[in-house]
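Consider the two complexes below, in which chain A is the common component and chain B and chain C are the respective partners.
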Partner chain A sequence: MQLAVNILVLASIYALIGCGYVLIYRTSRVLNLAHGELMMVAAYLLLTTASLFSGHPLTAFVASALLGLVVGVAVYVVLMRKMTGERVLAAVLATVALGILLRGIVVLIWSAQQQYPGQALGWPNPALELPGGGRISVAAATLVLTTAAVYASLFAFLRYTRWGIRMRAAGQNPLLAAQRGIRLHGVYALAWGLSTFTGGLAGRLIALDSGLEQTMVVIGLKALPAALVGGLDSLVGAIVGALIVAGAEVLLIHYVNPLLADVVPFLVLIAMLMVRPWGLFGTREELDRV
Partner chain B sequence: MPFASGYFRTTYARDIRLVDTRTQVASLAVFVALLAAFPFFASAFLLDLANQFFLASIGAVALMLLTGYAGQVSLGHAGLLAAGAFTVGILVKEVNAPFWVTVPAAAAVGALLGVVFGLPSLRLRGLYLAVSTLALYFVVAYVGSEYETQRGFSTGIVVDPPAIGTFPVDDPRVWYFVLFAAAAATVVLCLNLLRARSGRAWRAIRDHETVAEALGINVPAYKLAAFVISSALTAVAGALFADYRGFVSVEAFSLFLSIQYVAMVIIGGMGSILGAVLGAAFVTLFPYAIEALIASLPTPERYANLVFAVNYAAFGLVMVLFLLFEPEGLVGIWRRVRDWFLLWPFRRRPLSGTK
Partner chain C sequence: MKRLALTTALAASLAAAQPAAAQDAYVVGLSGALTGPAAATYAPVIEAMRAYVDHVNSKGGVNGKPIRLVVADNQGEPSKAAADAKKLIAQDKVLILINSSLSSTYAPMIAESKRAGVPLFYAGAVCPKETYPPADPLQFCSTAFGAQYDSQMAMGFVKSNSKEAPRVGYSAMAIPISRGEIDYAEGLAKQMGMTPVDKQVIPPPTPDYTPFATKLKDANPNWVYSWAPWVTQVRTLEALRRLGWKGNYIAYAHIQSEDELERLKDGDLYVFGTNAFFKDDLPVHAEIRAATHRAKLNYPTTQLTEGFIAGLVLEAALKGASWPPTPQKVLASMNNLKVDTKGLRGGPIEWTKTNHFRTKQYYRVYRWDPSKNGIVQVKDWTAIDV
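Let's turn to the complex of A and B:
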């Protein structure tokens, strides 16, 4: 039972982070390798808002979530906007450079020590007993529910709203979309904002559960296989991929060797790239476009 | 564009010669002589810096061959460096192998890993290839750390300085010449590969894979060859690193190292061996420049614990700036300066004629 709970929690972490990769890739064909760092920045912002609005944990949380959205849009406007039209690889390398830059900035502003935003917010994190013998912390339970809510609203957003449809159109054929009057820069900026917003939610909830430090970047990077296994341009794929990767990771850690934790997602990824590079639910012609 | 007036290339052999005119021969000789004289005047710190630069330039030239010429991206070169270093560490610890066994063994391991890293490139392109090399890096790093913990070297493996005969190579000055020779050999080897059939094949694959195939180039074979050569050279750089430092540990081969090598290629300028060497110099000297800059501030003690973070941030910023404003890298700047002097008093190249 505990194993199943662990898999569920880890899968929701990966899924919540992974949808950021999918959103950006699907709209602008850029793989954002700075996603882990952006998520970390968003989580650290919670520390700042926690000290600003001390005593109002919910206000602080919402404020930092909005700040995360702003950071994502800002990254697009300042940096990635200039990379549109460049070769895809140059854009990816720009995100790598951005990641390094953000890591430095985070240490400069918030120091490299491990921090606990949960304490700063005054938010207790008791473990809940589940029927059937498993235990889950409140933060982890919130994370699972958040993931479900985020995915439900993303599906609805992409399916029914005007901006969602624009986003899909820009992803399918940017030239045609632009000719039909869709402002590509606006759509791309929105994708970056949403991606940082969802990634930031994951980052903050992980930080509330187990503290906040630089290693959070690794979690962000481990979610990349989850997105790739499912197919980089499919949200359903991200969920399935997250379940597969999380399942493999938790089971192998439990039954084989705990040291494997950092490498399992990448082993799954290599296996997938050998068999079906475009992922379980991805579109096949993606490969030739890159 | 000719560098000397009244000078014409009349045969194909002259057209692809590495050192073209007498002036170039002379300036190259002076350059080599200066480099050879350097260790007799330099301080220990400068000597170590030069050695680091030679090590970095081997890896950078190897990566340039793969990324800048063959057009195959690799984000996993730190894994190959680690593989070379660990081969040396393991061979020295387990069977006490000498220098002339460990370095070729590292090259062999590198070549083998090159096949493994290269196999995905036969199916994947661009982005997906970058991700698969990234994944392989994590696997190599895991194997290294697993060896460390299993054998009880949890803090790292100490490698005794290698010996040629009974003469131990532990003086940084001797190392300077060893590494200088290795770097020079790498550069010459790569230049030769690039002006031969292989180089033309790689450039064709980089520019358009389908066309290259239609021209009768064996695309999979040349792609794999690029990976194998690049990985073997990188692994040798890793092996020399292990011998030079006398210490091997997974922590030394973080993902950041991979990114640093990619940065050398970008900052130096894609598609130029000179660019790789310039990029290696830039990236090697960069942290020391930042440190010196901070030390020159009025109260350096206050910022001492920030050096690391400032380094990271500044490095990322420089990479971003190069990508945005100087995609041709240092070599692009160098070419512009050179052309300015060559063309003076004119401002730009003639529109027609040879490039």
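Let's turn to the complex of A and C:
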């Protein structure tokens, strides 16, 4: 039972982070290599809102989530908008530079020390006993539920709302979408905002569970293989990829060697690239464009 | 006239590019992880050293001359450490190189130190075996923790404080220094008649420690020993507790540990280390508080002892090098050094020509006492001969 819980929690982490990669890639074909850093910044914002709204943890959490959305939109408006029309590689390199900048900013503002937003918010994180003998912390359970809610909301948003349909259209054929009057910059800005919003949710919940420091950036990168295995332009793929990678990781830790935890996501990715380079649910033609 | 003005401006800018008044100060170069994933461990040490040097300079410096500490951020990356060491030696003409970073940055700095004959001082960075007797002529270390001695202390404590036969689980970070120490501790436990039951070597960027803790818990240890960066030590413990494990946990007392004992309030978590906690409230603690208050540091005072001790050692090493200083004079001073740690350690830090670590390693053990709602000393200074 505990193994199943462990797989579910890890898969939820990867899926929640991974959907940020997918949202930007499927809309603008840009692989955002600063996603881990943006996730970290969004998580650190919780520390700031926790001190601003002392004694009101829910308000602090919601405020930091909204700030995360604003940061994502601001990154697009200030930096990525300028990359429109440039080669995709230039845009990807811009995200690398952005990541380096954000890492420095985090140290300058919040210092390099380990932080505990849960303590700042006064939120305890007890463990819950599950039927069947498994245990899960409140923060981890919230993360699993949040991931489910985020994906359900994203599916509904993309299928039924006007802006969601615009995002899909911009992703499928930006030229045609622009000719039909869709404002591409607005759509791309929204994609960046939503990506940072969802990544930030993952960052905050991980931080509430086990603390916050700069290695969160690497956790952001570890979720990338899950998104690639599923197919970088598919939200369903991100969920399936996360389950496969997390399942392989947890089972190998338990039955083979814990040291494999670091390499498993990339082994699964290499295997997938050899068999089906566009991922399980990815679009083959998208790969040709890359 | 225009040409003269241009020449003057060029000469002025070249003069400005020279190391500022290098001949008027003891110049010391530090390459450390001020940022990057390992910064939580090293940045407070570097900042505390900087504050200590400012404090010494405000009192007139060393031998009437100020200390100029040139700090470079290597982010824990070997390539950056190599570039820093080259620049510090060639451009800044430093008398000592200081490393406050991950062990992966040692090799390039050792190479540069050897090439130039400049001593290399590890401050807050784990002491390499080359500083133990018989020591490498150029490498010195004041850092609290020491491989093998730490595990001797920890395993001895586990054995003497177990009510039942110790079944020991181990947790390490997947970096060579931590893995090597945990392997050593596992062997030591067997020699001491204890039973090692499981060992988890955990990669540094791990989003969830529960899968590792699950396996550790399934092995049913009554003690778990962790010797790794604090993040691995504490997250393994927290994951074990969430899984309902109720055994004893012993870990190295890194710079964060005093605050962390207070945060966790776990009566079965023991931390052992070589630096006195602020709760001991020594006169020197007031001195550290005052110095760091003046420097307006961004880190809790409880995390600054290690950097302060490194500052004491640096000051003593430079004091022994008469003006005008050279790396050779500083080296001679470091080879015959005795630093009073004012109670921050169990005894003085002594370096000789063959021992650049210390002659005795002293440990204290602390834990949180729920009945007293505070941190208590479980075991006072215990010496291990080096």
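The rule we apply is simple: the second predicted complex is superposed on the first by the 290 of 290 C-alpha atoms of A that agree within 3 Å, B and C clash if a C-alpha of one lies under 4 Å from a C-alpha of the other, contacts with A are read in each partner's own complex, and residues count from 1 in each chain.
Everything below uses one rule, namely that contacts are C-beta pairs under 8 Å (C-beta built on N, C-alpha and C of every residue); 3 or more make two chains touch, one makes a residue touch a chain.
Remember, it's a predicted structure, so these values are computed and weren't measured experimentally.
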(message) What does the overlay on chain A give for chain B and chain C, a clash or a fit?
(response) clash
(request) State whether A:Leu93 touches chain B only (first), chain C only (second), both chains, or neither. (result) first
(message) Contact-wise, after the overlay, does A:Asp262 reach chain B, chain C, both or neither (first, second, both, neither)?
(response) both
(message) Is A:Glu213 touching anything from chain B or chain C once the two structures are fitted on A? First, second, both or neither.
(response) second
(message) One more residue to check, A:Ala140. First (chain B), second (chain C), both or neither?
(response) second
(request) Could you say whether A:Lys82 touches chain B, chain C, both of them, or neither, answering first, second, both or neither? (result) first
(request) Could you say whether A:Gln2 touches chain B, chain C, both of them, or neither, answering first, second, both or neither? (result) second
(message) A:Arg103 in the overlay: touching chain B, chain C, both, or neither? Say first, second, both or neither.
(response) both
(message) Which partner chains sit in contact with A:Leu273 here, chain B, chain C, both or neither? Use first/second/both/neither.
(response) first
(message) If we overlay the two complexes on their shared chain A, which of chain B and chain C does A:Leu31 touch? Say first, second, both or neither.
(response) first
(message) Counting contacts the way the document defines them, which residues of chain A are shared by the two interfaces, the one with chain B and the one with chain C?
(response) 103-104, 107, 112, 259, 262
(message) Using the touch definition from the top, list the residues of chain A that touch chain C in their complex.
(response) 2-3, 5-6, 9-10, 13-14, 103-104, 107, 111-114, 116, 119, 127, 135-137, 140, 206, 209-211, 213-215, 217-219, 221-222, 249-250, 253-254, 258-259, 261-262
(request) Using the touch definition up top, name the residues of chain B that touch chain A in the complex. (result) 73, 75, 120, 123-128, 130-132, 134-136, 138-139, 141-142, 145-146, 149, 256, 259, 262-263, 266, 306, 308-317, 319-320, 323-324, 327
(request) Write out the stretch or stretches of chain C touching chain A in their complex. (result) 34-37, 39-40, 43-44, 174, 200-212, 214-215, 230-231, 234-235, 238-239, 241-244, 256, 263, 298-300, 303
(request) Please give the residue numbers of chain A that touch chain B in the complex, ascending. (result) 31, 79, 82-83, 86, 88-90, 92-94, 96-105, 107-108, 112, 224-225, 228, 259-260, 262-263, 266-267, 269-270, 273-274, 277, 287-288, 290
